[in-house]
Every structure is written in C-alpha cells, then in structure tokens.
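One chain, chain A, links the two complexes that follow: it is found with chain B in the first and with chain C in the second.
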Partner chain A sequence: MKGARRTDGPAWPERDTLQVLHHDTPRRSAKDKVRGAALYSHDRRVPGMLYGRLVSVPVPRAEFEVDLAPALAIDGVVAAVKLREGETQFLGQAVAAVAAETPELAEDGARAVKLTFRELPFAITPDQALAEGAPQVRRGGNHSKVRPKGDEAATEEALAASDAVIDVTYRVPVQHHVCLETHGVLCDYRGGDEATIYASTQMAFGIPGAAAEVLGLDEKNVRCIVEHMGGGFGSKFSLDTPGRAACLLAKQAGRPVQLLNTRTDEFRAAGNRSGSIRRVRAGANEDGKLTALRIECEKLGGIGRGAGGPRPYHYEPGASYFEERAIHTHTDSSRAMRAPGHPQAAFASESAIDELAYRVGVDLVAFRKANLSDPVWHRQLDRVAAEIGWHDHPHRSAPGRGDGWIAEGIGFAISAWGGGGHRGAEASVSIRPDGGVAAMIGIQDLGTGVRTLVAMIAAEELGLRAEDVEPRIGDTILPPGVGSGGSVTTGSISPPVKIASYNARKAFAEHLASILDCPSERVRFQARRVFDADTPGRGLTWEEACRTLPKTGIGGHGAWDAKLQGSGVHGAQAARVRVDLMTGRVRVLKMVCCQDSGLVLNPLTWRSQVNGAMIQGLGQALFEERVLDADLGLALNAGLGDYKIPGTEEIPELVALIDEEDTREFPIGVGEPPVIPGPAAIANAVHNACGARVRSLPITPDKVLAALAKLEKEG
Partner chain B sequence: MAEGRERDAGLSRRAFLKGAGSVAAGGALIQEVAAEAASPSRTIDGATTIEFTLNGAKTEVEVEPRTTLLSALRSHLAIPHTAAKEVCDQGSCGACTVLLDDEPVCACMTLAVLVHGRAVRTVEGLAVNGELTPVQRAIAAEDGTMCGFCTPGFVMSMTACVERNPAASAQELREACRGNLCRCGTYPHLFRAAERVSRELTEEIR
Partner chain C sequence: MHRFRLEFPKDVAAATSLLPSHRGPLTPRDARVLAGGQDLLGELKDHLVEPDTLVSLHRIPGLDGFELGEDLRLGALVTLAVIERDTALRERFTVLAEAAESVATPQIRTQATLGGNLCQRPRCWYYRNEEAPCIKKGGAECFAFGGRNKYNAILGGGPSYIVHPSDLAPALVCLDATVTKTAREGTETIALESFFTLPSEGSVQRENVLRANELLLGVHVPALGPGWKSTYLKFRERESFDFALAAVALAVRLDGERIAEAKLVLGGVAPIPWRARAAEDFVAGKPNTRSTWKAAADLALAGAEPLEHNAYKIPLTKGLIQKAFRKLA
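Let's turn to the complex of A and B:
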C-alpha cells in the first residue's frame, strides 16, 4: 500500500474527526452555472475579437492545394492561414483556417477557400488496411509488430486439458468523447510581446509554451486561463488544431481570434476512444477455476496507436498468452479517453469469464471470486450483488429465457485503476486582515469539482467552512497545476493545498501566540474561532483574529508530497436489464457501483462522478459507435442527431456506493475507474436475461434479435 | 397575441418564413413579398436591425436573415449573452434552449429575424436581484451541474415547465428535459432537482 499516515507535519485527520472533508459539500461553481454566469472559453468576448473557422478536404485522403485569396477577398474576412501542405490522412483533417468579423462571415470565408485536390486511395476498415496492396497509412506499415506476452505453449496445453473452452471474438467500435464544449481557444493577442489564451483544456500549464512557439513569443509572457471548461474526458491535452490555428490567425491579424471546433469538426477530427477486436480462447474446469486465457488483440486507433489495457483483465488464469498489435486506418487518431483501453479490455475479459461460468454451471459471482485473489473485489462483488438483488434472482448459473415478451437479467464486471497524483503541483494559501482566505492553484476544473475540493481542504485545516475560502484556480499565473488525466488531479493537488494551508495555519498560530499569550503549538483553529487549547472558552472569532494581521496578511506555500495521497483502486458493478424479446430493445433498469478510493474528500461530487461514469458506460454499451462509409470514406454520424449519447429517457436507477471498508486515510482519484465495467456488466446482463450473447458493442436491437434467432436455431 | 406584436413591429411571420425558406434553400433572398393588407410585410435583404425584448429589456441588434437567434445572442449583441450554449447546432441537444414568448425553443434553430417584436428570455434573466429561482436553487443543491455546459438548457426547459404548470410533477419536469443532453451524466441529480422543485412549488401552492 502506497502512502502512509504521519504523525508530525501536515496529515489528513482521522475520518470521524473531519469537519468539512468527507462531508457532502455543494459544488462551488453551481450557482454560477445555473445562472449562466460561469464563463467558458466559448463564452469569452474581448475587444476586436475575430471568429475563426477551420477548412478541411471533404474526402479521407487527398493531395491538395489551398488558395486563400478568394476568402480574403470577402469583406469582413480578416485573416487566412494554411495549416498543412501536401496530403491529408483522414476526413476532417484541417488544411487551412480563416478569421472574420462574425461567425457567419468566418463560415463564408471557410467556404470560399479554394481547394484543389486529387483523391487518393484510402483504407478505412481494418480489412481494407490489411488487404494486399492496401494504401499505406503509416510509414512503418498498416499494422504494428505483434507484441507477445506469456507462455504460448503452456496456454495451449492448458486449453487442451480444460473441461470447457470458448473461442470467440469480441468487438468494440470507436467511441467519441462528445465534450459538450467543443475543442476551442480564444487567443487574445494584439501584436506586441504578450498573449492570453482562453482554452478549453485539461492541461492549462501545457498551453503557454505551445502557444508561445506558434506566436513567436517568450513562454513567460503567455498566460492561459481556464475558468470553466465543458468536459474533456481525455481529449483535451494540447493546444491542438483549433488552438494552433487561432494563434496563427491572431498573429497574422494582430487581433484576438476565437476558434472553436464545429460539432462536425469535433466528431471527425478531435479524437476518439480506439476500437478493438479481441479473439479470446479461454478454458475453465468444472471446479470453477480458470485454466487458461489466450487473447489476440487488434487495436483500432486510426492513424494513432490505440489503447490496449491490462492483460489479463485482473482475473487469474492458470496459464496465459497475449498478443497485441495496432492496425492503422485512414481515420482520425484515437486519444486518451476516460480509462484508455480499459473498457475494451474489460468487455472482452468479463464477457469471456461470464461465458465460461455458464459453461461449467457455476454462480456468476462465485466464479468471479474463485478467480480473483484480491479480497477487495470479493467484498465489492458481494455488495453490488446484494444491492442488485442477485440472491433472489432465478438465473444465477444459467441464463433465463423470459416469458416470450420480456426477460430480465443481471450482469457483473470489475475494474481497477491507479488514481495517484504526481509531483509538479504547488499551492498557496493567503489569509487577509478582513478574514478572507484565498486558496490558489492553477489547476483546471473539468467539471469534477476541483474548485470545491481546494476550498474544502483549506477550510478543514483552518477551522473554517468551505464557503469561507475563495478557491482560485484555472490560471497559469497561479502556482502550477498538473494535467488532468489518469485520475491524477485529486492526488496531485490535495497534498500541496493541504501543505499550503498547514503552513498558513502554522504562521498564523505563531502570530497569534503572543496575542493569546500561549505557545504557538497550543493555538487551535476550530469552528471559525481561534483559541488557546488550555482555555477553549476564551479566544477570538476568526474575524477578530484576522484583524490583528498586518495589511499584507499571512500565508503559506506547499508543494506535492507523496505521503499525502495514494494510488490503487478497485471497483465492481452490477447491471439489471430488461430485454424486449419482440424488438430486441434493451433497457437498463438499475446499475450499482461499489468503488474504493481511499479517503473520499467530497462524497457529493464523488457520487456525481461515479453516476456519470456509469451513464457513459451505458452509452458505450447500448448506443455509441462511429459509423463510416467504408467505400466512400464518409462519416455517417458526425452529429448529435445521429451519434446517440444517453438522454433523460435512458437513465436507470443508479446506486454509487463508497467502499467504506477501505480505511486508507488519504485521497485517491476516481474519475476513470467507474467508467470501465458498465458495458461488460450490461452485455452480461442481456445474456443472463435471455441467453442472447452479443459480442459486439453497442448492443443494438438488431444484434439482440440476431443472437436470439441463433439461439432458437440451435435449440 | 404574438400576431399583434408582430404587426406592431411591421413585420409578419409569413414574410419572414418565406425569406428564411429561400435562405435555407441556398438561393438569393426573396425580393418580392406580396403586400398583405391585414399584416404589412417587409422584405429583408442583407443586414437589418431587429427589435425584441431580452429578459424584459428593449434590445436592438443588426442581423442578417441567416443569423440564428443563438448567434445573435452570443456574438452580435452589444452585451453578449453567452449562457445559451452552442453544442450541436442542429436542435439535438437543448443546450441553447431559450424562452420565446415563454415557449422553450432551440436558439440554434431559430432565425434571429423571427424574434423581431417578440420576447426572448435567457438564463441570465431568471434570477432577480441575484436571488435564484426554485429551479436554479434545486439544480445547484442536488449537484445537477458538473462541467455545467448543458446546465442553462436544463434550467430553461424546467423553467418553462413550471411556468406553464406551477403544480408540475417531478415526472413532468423530467419529461420537459427530454430534448436536453448532458455528457457528464448529471441526470440522476437533475431528476432529484426536479423532485425538489415539484415538492417546493406544490407546498407553496397549498
């Protein structure tokens, strides 16, 4: 177990003594968000601002030339730049950009840019990419080298000796992030030596360097502000194409330029979760033990590498062998997306585990526990099983059939993640004579509740309420934050904010020692009062104490410390579904997640995160898939009218359970792990309900009906 | 009532629709619009100034026939109103929901010229003297906001529902949000907010 309690210096107090942390605390930005006062990069307006727009070639692959003159001839189009020369590699790859006085004129300008192009042969599907004579996608070829891991001979031997064996293929399509705020940047540059970048980004501190390079400025003169941002989910880590284009246009025009992806740009060229094809051969014995697992994985990351995920997915087979390779196609590169690789890996592994449990006729929960040694998963599986009603469920080791019209079933899956922070983040806390407290760290808040956490940590240390502390975040003039990916944010920012608050408290205690006439170690901060521990009845209110401060106030600084955070979480989920046997439509009735993550700092926002992750898992399970026309290379569902994400009508009862038996007294990030098990749990529940095994996501009605028809044919 | 307002402004809905249709079809603006004795009409060609009430205040803005209400609010007003968000630009997500003569509409699917003489309300205009409405309070209290980009749309959909029926049930409030999408997954929290709004308003009526 990483991380440990310490007795001296800053430490997280015992759980039951916490006054602010570990209590539901309203999201700090909620009031601004409900009254439309929260300003996103999309909402920034500065004097003289131009609106930018990207231009792309309407085919997947082409040799092209760009003529900007017709765009610049339009009255109101102020700047135009080329972004690329030569060839395009995927549909939607930007080749030019224009900036104009209004969004409408920018659109006119983008349409007026003259593109001369010759379409080149392309490979959109894995089959096209692997066919003989296929057009080359990457210099190294259309697939990466096979990376083997494990003992192939022993695995084959164990498979041959197993009581039950499966040999099946699971497919996960490309999924989109669908951040509601598209990728976009306002580059506030008006000539001169300085610029401010308002970016919708998961890594504010990565922006100034990248923007400075494009603008030809000194990095220290470029500031990035991310007051609020409308979702990232792994797709917003760099200045990116819209950001680079905005900077180039601003440089040319000498005026600020805001360039936001259109929703079409976003679907075609702002990243995605890689798809995967996994052939799984696995065996089990009648005693309920896994004997062997062999997985051959193909990652579908377009021109990118795609994400693999752990092998095996946490279960412990007797023998195992894995192969993995990336297949490249002329499609947009995959990017990190909430637990990269994990939902794909979990879908294959958990489906296979399920199939084997039925083959040997063992209770699905018992089978899982028999092949997992970590007791945390055992208790979490038991907890979600109890909550979903497993023990009263009639189909625990053989699937049901339904009543001819509908069928109900339950499915399970597990997950694991790191969630620890890393060095680099710093924080400052300042206390003013008027009683105000500011806690400052430049970190961005993606919607997870970071702003609230910063205030809570400082308030706990200073004996205040969360609302007494003003959190200042999302700005590179503040102490540095880290990139928000890998669920690292909580583990990265909690230690420096904690230490800065601790140091501010120590400094304030020393200042107050003479006033309270006691040694500084005896000064206590509690319930908005300051007093000598030996005479708690006397003392000062927080405001009275602050009035004794010099004009400049008092404060503290803190850097990251590994001891104040930790890593390593587990999770288990259960889903209950209803399958309409006539139409094949699946409705998720309930999802339960039990998740450990050390000391949960704000249970309210923690539950929001976990519920939201389950909903995204539901979307991946039932609805989400990028659809391309393999012959024409066109994107067929590059809009929210065609690419379905969960809406109000599809939301099941959701239960997010904190695993309170996890007594680790330090925080661990939780953003990603709960998004992992959902698709597998739902697919398993569909099978449990009616015997239809759908091995390809999303589980659409046609696939369910096809699986039911197959079942009927086989009798 | 809406007709009356249009007439006062000297513009008819029919004329606008004809103009809008020709723009949507990609052709030039209609140059001729038959004069209607009962409702005087005007041809719109290029930029034109429209007048409407925005959150109760008389507002003027210069727009083209193609300018959407959303673009007018966010990018053409002297004081930009950016609470309504552009997310899908095709009426699929509800993030740009505003009230047009008290009816919820997608501002991305509404031409700005069509609101001439009418009343538009956005989320910025709901709180009076900083005091949040019951819908806003409930969504904040139940943690119905995560990234918050969809929030203004949900607020407006629920607001229209309770204004239409102050005794709206939680289920009716939920149904009022069928056109709104959230990616962070705040739905269960928004549903609890709907329950809270319904409870509070019902108690108030009693």
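Let's turn to the complex of A and C:
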C-alpha cells in the first residue's frame, strides 16, 4: 500500500531522503532520567504543600460511616474529606482522604479516621458470583447477556466432520498495569481563582475541566502540567480518585496537596487488565485447514465490563461461532490496558491453533500461514521464524522431550491493531532571531519518546538537527494534544507538528526571498543552512538567516490532517524458551517481533516500545496474577515484592524488527500491538520444548511440573 | 507510624538491658533489635509490629567481626555482601557464599546482616497482611492452611505452615554451625540446628529459641575437612530476586566413584531448615549416580504432606536435590 502523496502542501519525504526522521535518535530526557533529574509529579514540591492519603474500608463490601474528627485532632493533619457515602463495592475503594504536613502524618491521619462499618456478603471470584443466591454485584445481575456471533449450527456440523478436534479451556488471570509512577496529582491551589495540576496522566487536556469542577473554578484558570510521567498503559485517563481527593483537600485547606496512590492503593484500586476464561472447541483437517472454531468467553472485569477482543483472532476457520459474556465480581473495575482484550484473545486462539497443528502433524508456521489470507502475516511469520532459528529446529510439527534435564522449544503468535490518530491536536513552531526554535504541543509523553519526536519533525522540516529544536510539551497552556490511548499519539500529533513546521518554513522562506534575491519556492533549508536552490554554494548559515528576523521571530501553526498518518498494523512474534524439566522453570532465551507501522519516525524509540511490550508480555506469560483470598476477601499480593514482574535476570535477548516491506509513507502508532502475542508465543514454546501444555497464565513452575507429570502418566 | 525511640547502646549489656524481660512471645509494642533493618522496617511500615523502642546494634564494637582461619567466625552484624564477596570464604564454605549471594538484591545485601537474616520473620502472605490475624500473630486460625498456600510448608507444618525464609540458615545448618546468644542471664552457644523451632514445638509465634531479651552474637562454622565440596541451589520463581520456593544446601565428600558422606538440608519447604538425615545416611557409600541421587531425593521428601496448592514443591525439591548432587559430581 502506498501513502497519499501531496505536492501542494506538507508531505512526509521519501524515506531515503530523510535526514533526521527515520534515524535512531536518543530521547531528549534520557540523561535527566538516568540522573534522577527528571521531575515527575511524584517529585514535585511546591511551597506550603501538604501530603494526601486515601482511606478505605478493609473488606470488599460494607455499609459504612466515616468520622473524620480523630484524624483532624492530630497535630499536623490539616484537611480531611469524605469521598463516598453508603456502601463500598470492592476492597480498596476510597471513602475518605486526609492531608497533612508530612507523608508520615498523612498516614497517621488516614489510619486515625474512624470507620464504622458492617461487612456485607461479597462475591469476589467468578464461582462465588455465579453461585445460587450470590450477593448482587451490579443492578443488572452478576453476568451480562450472552452476545453470540456467527453460525452455531454450521460450526457444530463442521466440528463433527473434522479430522481432529480439541475441546479445552484457557484461563488468563487479572493482570495489573504496574505503572512505576502511581496514579495521582499535585494540586497547586492556594485559595483564589487559579490552580495548576501536576498530573500523572495520559490525557493532560482532560484534567483542567475535571479539576475545575471539583475546585469550583473556571476551567480557563486551571492548568495541567505533565513534564514527565511514569507509565499509564491505559489506566490514567481521568482525574481519578486520588486526583479528585487532592483537589477536595486543597480546596478545604487552601493549600497545595500532593496525593499519589500508595503502592497498595495502586494494586487494589487503580484498574487492571480483565481476566478471561475461554472454552475453545476447534477442528482442523489433515490438509492443514482450520475447519471450525467455537469460543465461549467469560470476561472477568470485576465491577466493570472487561475486554473481549476480536473474534476470531484473525485466523480464518471454515465456520465459527462465539459467545461472550461479562461476569461481575466485587473487585476493582478493569480498565483499558495496552491492547485491551487482545492478549487474552490471542492466548486462547494461538494456543488452540498450535494444539491443532500438532494434532494434524503440520509445521507450526505452515499451519498458521495456511489459515491466514493476509500476506503481511505470511512474510512477518517467515521473518521471525528465520530469526529465531526455526528451520534448524528439530521439533517443527511434534513437540520435543528434552534430555532428561532440560528442553528447548520455539513458539509463535500474531497480532493486529489500528494505531491511527484522530483530530483535535494542534501545534505551533516558532523561530527566534537568536536561531532558537521551539516546537509546541500540549501532548504528554508517557515515556514513549514523544518529546523527542516533536523536535525531530520540526528539525527535519527546517534542515536542522533534532537537538537544535526545543520541544515544549505536557502543558495545557500549549496548543492542545490528545489522550494517549489506542496507540493514537504518533498519528494524532505528527500531522499538526509537521504542518506547523511546514508553515513556519514557508513563512521564513517568504521572509528570506528578498534577502537571498530569489522566489520563495527556491529557498532551501538544509544542513543548518539556507540558500537559493539555484546557487547552493552561496547562502546563509541558520544563525545568520535568523538574525534577519524581526524581534518577534516567525512561526507557523498546524492542525491535524488525516493524510499525514494512517492505521492498521500486523505483527508476529517468536519465542525460544528453555524448560528445566526437574524444576519446571521456564527461561525465555530470545523473543523476536516483526512489526509493520508505516514510516517509522524514530527507530530507536520504536524499538524501545517493542522491547518494552515484549517484556510486559513476558511478565504476563510467566509471573503476573492478582491473588485474592476468596473467603477473607483480602488482596494477598498487592505489593511489588509479591506481585512479580520481570527483573533484569528475566530479560531475554530481544529482537525488534521493522517490517521494511511496509512501504506506507506515513506513520502509524506502535504502542500496543507488540504486547499482544508474547504470552501465547511463550506458552506455545513451552509445549514445543517438552510437550507440557499449560492452558492458564501465568506459566509458573507448579503448572509446568503438573503438566509434565501428566505427560509422564499418559506415557 | 507509631513513634519509637531509637537507642544506640555501646555494649552488649546495655543492649540487653533495653530489651523486654518477660518470657512470653514478643508483643507488637516490645522493643526490637535493629540490625540492617531490611526485614524489620518492612514490618514497621506494614504495621505488623509497632515497638516503642528500637535497639540498634551498630555502635557495639566487634559485632561485625569476620575471622577466617581453619574455622570461620562471623559476628551477627557481618553483612551478606561481605560473606558473598570474600574469595577465601567462598572457596572453603561455598554453600554459605552461594546462599548469601542468592538473597534479595545487591542493594539489600549491603545492608542485610547475618543475625537479621537468621532472625527474620516469615513471608507467609497472611502473616504480612495486617488484616489477617492468624495464629502466628496470636489469632485462632491458620488462614494459609485452607487458603492460598502455594508458598507454604510441605514438611513440619502445623499449626502454622510457614516456611523459614532465611537462605543462610540451611547453608549454615549444613555446615554444622553453632550460634552464640546472650541475655542478661548469660551467654550460651548451641547448635544452629537446635536454634530453630517448629511451630508445634516452641511458641507458634516465634521461629527460634531466642527469648525476648536475647541477642544473637555470632556464628561459628567448623572447617568442612579435606575432600568436601558444597553448594547451595535455590529455586526462585523470579530469578532477579525472590524468596526460595525450595532450596538445597548440600555438602559431599566423594571417594572415587562413590559418595563417602553427605550433608543435606532443605530450605523453603518447612518452618525450619530441614535436615534430611535419612537421605544423608542412605547415600553414604553408594555409587555417585543419578539413581542414588533420585533415591535420596525420594527419601528426603518421603514425609511431605502438601497442602492444596503446594504439592509441586515435592517434585521441585526432588529435582533440585538431584541437580545439586549432579553439580558436585
């Protein structure tokens, strides 16, 4: 597919003519981050600031009353507010908040708040929720209506006629976002009619309105600043409970309040990736064709709906039928999390595809290609297969067994995503007489490298180096950005920055035309010089040219243009694992991802995204699971010691390959798609190594040992 | 956080005089000994203990003593980083060095001490949750028994099913170490093996014989003798840092193709470092082959009584035992 080319306005230049874009460019804030100099909302301190803490009832469900007086009686506790009346619905749901002179006093205050509560019966597991006489979670009941799709009769018929059939259930537990910076804000309000909110958010421009409402101010007078933020992964789109509490406390105290979740709050009540249970019945014929696919899916999103994902997951069975329903429990609501629904759907689909390929004895890559019509997946599967060493691998259509101590295997999985931008963002670029250039857009940088990208786009247009441009982002006094969710950021902000840079260049060229004594169309900006295209040997340095500008400088503005971005990406991953047959340890040795995403504007930060996604996928595959005690209603691993995410020892060799055969000449976002296939690819690799099929995530040693024992029993 | 006084006594007598004199298990308000603080500060922050006084050992001279002659003498304040880095120690007491380096993270090991490691409290999810008043904290019920017990004991459990979290403990028991403790009443040296107590033996609220006013002063490790080799194999669910799901401290003396003698102690599976004497006796004089290792592993786990979610620890520990023998073969 070829991108739309325009000659009458801004367009992305041909790839091989790019000087700044499409070249590895280290992120602007790298040094500051390494040195600890980068200021996150957590690090902000302003004069007179108080520290806030949330208060919650220590059971999943209760009727409660709050008495703030004992907290306010503590010397140093300055403000206390109620956040909720009546009943709580899940453990960790905040009912009050306090603010004090120090974090320690705030904790003392929070613990001193008197909660009088009557515990109510709860249902925190799907079994409890579906049991006879279960306490009700939502008004509509403890499960949603079944949403069917497809042809049930034809699917049953095709299943009955298939050479091989599987009927298995795949389980994915609730996973947490684990943002290294917890949710919350510093609300800098000191009385009066203005406020500044330093927020850890994915949507800076959503904050002023919401905060203004709580503070009782005019939205115009509330500013949000997100200089750096420590991850959101889909969970940080609103002012949220800690933000609302900070504003209420600040309003009461007439002083700034910083309130960011404790790690425990974060695990209990800041959202999660919904779990899922999928019963899969699927069939294939010996010729390697998928005949039928039937999936019954239960989404486990707590009091929320949970995420389903595409049905089927991109493979093309002869006949298919799907049912989906949400089961509600008295647990924190799921939220969007990096490719909502997709990893769960991919884990079930890709495991089932694998199981069928082995049943009919067909090469795992060949089987996949035979059931996917889109050639992009074919070439991406071939590429990751080559990179992971598939062609020399001994177990391509039957699993290995290992040497009695260890076994090695390879697994595959694919993904798909949108990644296009949308309207709403605007940008300005200004050029000063001293040669300085500022590129301005209010967008927040979640850690993806947007700040760097903004500078690169302007630099490319003006013939400068990325470091010559000062990117100004993360502030609502700047031209508006968009919410960073759905991998839309690059697609939403690149067009306005590009257009603003283009317009600034045009204006500068008009200004320089008389000085260079040529028509403005002939003015060229290259390698920090400006010159007449007909006499490239003469001309001005960038600084000389800028010195001719009026004091106010010159600039341009830009809005979004659909033609400068696009949507629709594929992806394929392969994983190589080593299974310790004595202990059940799965060690991932290597992960490979091949991903298309149009014109890759900064390959370095692109690879960081893909590598980070592979690591997050590895965490979901091997470690991550929320553990609750079903009788006591307690969260048992609500901390970073017990909720395990990968550490340095777990990181395998990571290979992030740009699918260069994708010649679309516009950028597409890449934040989400590479997180999808990892868990499935790793589960499939475990089976390929030693024959142990683990159908529930995470693939912990206990499950691997149980699967190996079952194999041994079956001979 | 409950306000506490931080005391810096300058000698052992001053330290013990600041500790409670009663004989019962420590109450949450009782004074606590502070060494590296890597466990105790977590307990304070989680409100599991709220002492009025913390007694730091850091100004008492000599407690960080480290003497490596034939034998090894370690003061209670020697850090795990020191134990892990000394090359002469590693050569002769490999199991101890390997155990030390398997603990937590490099940052923690520079603070964490030997005494604190041996006296640290359990990691059972319920113990660490303020809202779960289980037997270990003076309550009436063991919640792990019928609850989420994936990480709990398969050997020696009841009425509490914790596993002892220390990695140094199995290694030092394997080396037949002794421990010296002191109270106002006097100083005593006992085998480290008898320092730790099962919940069914001593008080279920503590993990060792140390009384409220006693201090651990140090450990003495006798030389293993010529011909011995040792190793510590720890299985962590997450290798970067994690407590043991199971661990094996093994020392063997080989005689040609045979095993002359072996010492085998298991970690992560019982409320105390679990010495597998039947397996030790069995392998003495047997050929150093996989079938011997396997039979020894079976014997070591023969008495295991798994709970609902931790039966995997049986094959896991058996696998680790075989891997340890193989490593030393």
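Quick notes
Just so we're on the same page, the second predicted complex is superposed on the first by the 712 of 715 C-alpha atoms of A that agree within 3 Å, B and C clash if a C-alpha of one lies under 4 Å from a C-alpha of the other, contacts with A are read in each partner's own complex, and residues count from 1 in each chain.
In this section, a contact is a pair of C-beta atoms (placed from the backbone, for glycine too) under 8 Å apart; a residue touches a chain by one contact, two chains touch by 3 or more.
Bear in mind that the values here come from a model prediction, so they are computed numbers and not experimental data.
Between chain B and chain C, more residues of chain A are touched by B.
In the superposed pair of complexes, A:31 makes contact with chain B only, with no contact to chain C.
When the two structures are aligned on the shared chain, A:585 is found in touch with chain C, with no touch to chain B. With both structures placed on the common chain, the touch criterion links A:613 to chain B but leaves chain C unconnected. Contacts of A:705 after superposition on the shared chain: chain C is touched, whereas chain B is not. In the superposed model, A:104 lies in contact with both chain B and chain C.
By the touch criterion defined above, A:40 reaches chain B but does not reach chain C. In the overlay built on the shared chain, the residue A:13 is in contact with neither chain B nor chain C.
Judged by the touch definition given at the top, the superposed model places A:648 against both chain B and chain C.
Comparing the two interfaces of chain A, the one with chain B and the one with chain C have residues 104, 646-649 in common.
Those residues of chain B lying in contact with chain A across their complex are 64, 66-67, 71, 74-76, 80-93, 95, 122-124, 126-127, 132, 135-137, 139-141, 143-152, 155, 174-175, 177-178, 180-191. On the chain C side of its complex with chain A, the touching residues are 1, 47, 125-126, 128-129, 131-132, 143, 146-148, 150, 235, 237-242, 245, 309-310, 312, 315-316, 318-320, 322-323. Within the complex formed with chain C, the residues of chain A that make contact are 58, 104, 107-108, 111, 405, 580-585, 623, 627, 629, 631-632, 634, 636-637, 642, 644, 646-650, 700-702, 705-706, 709. Chain A makes touch with chain B in their complex at residues 26-27, 29-40, 42-43, 45, 51, 102-104, 178-182, 228-231, 233, 260, 262-263, 446-449, 604-605, 607-609, 611-616, 639-641, 645-649, 651, 654.
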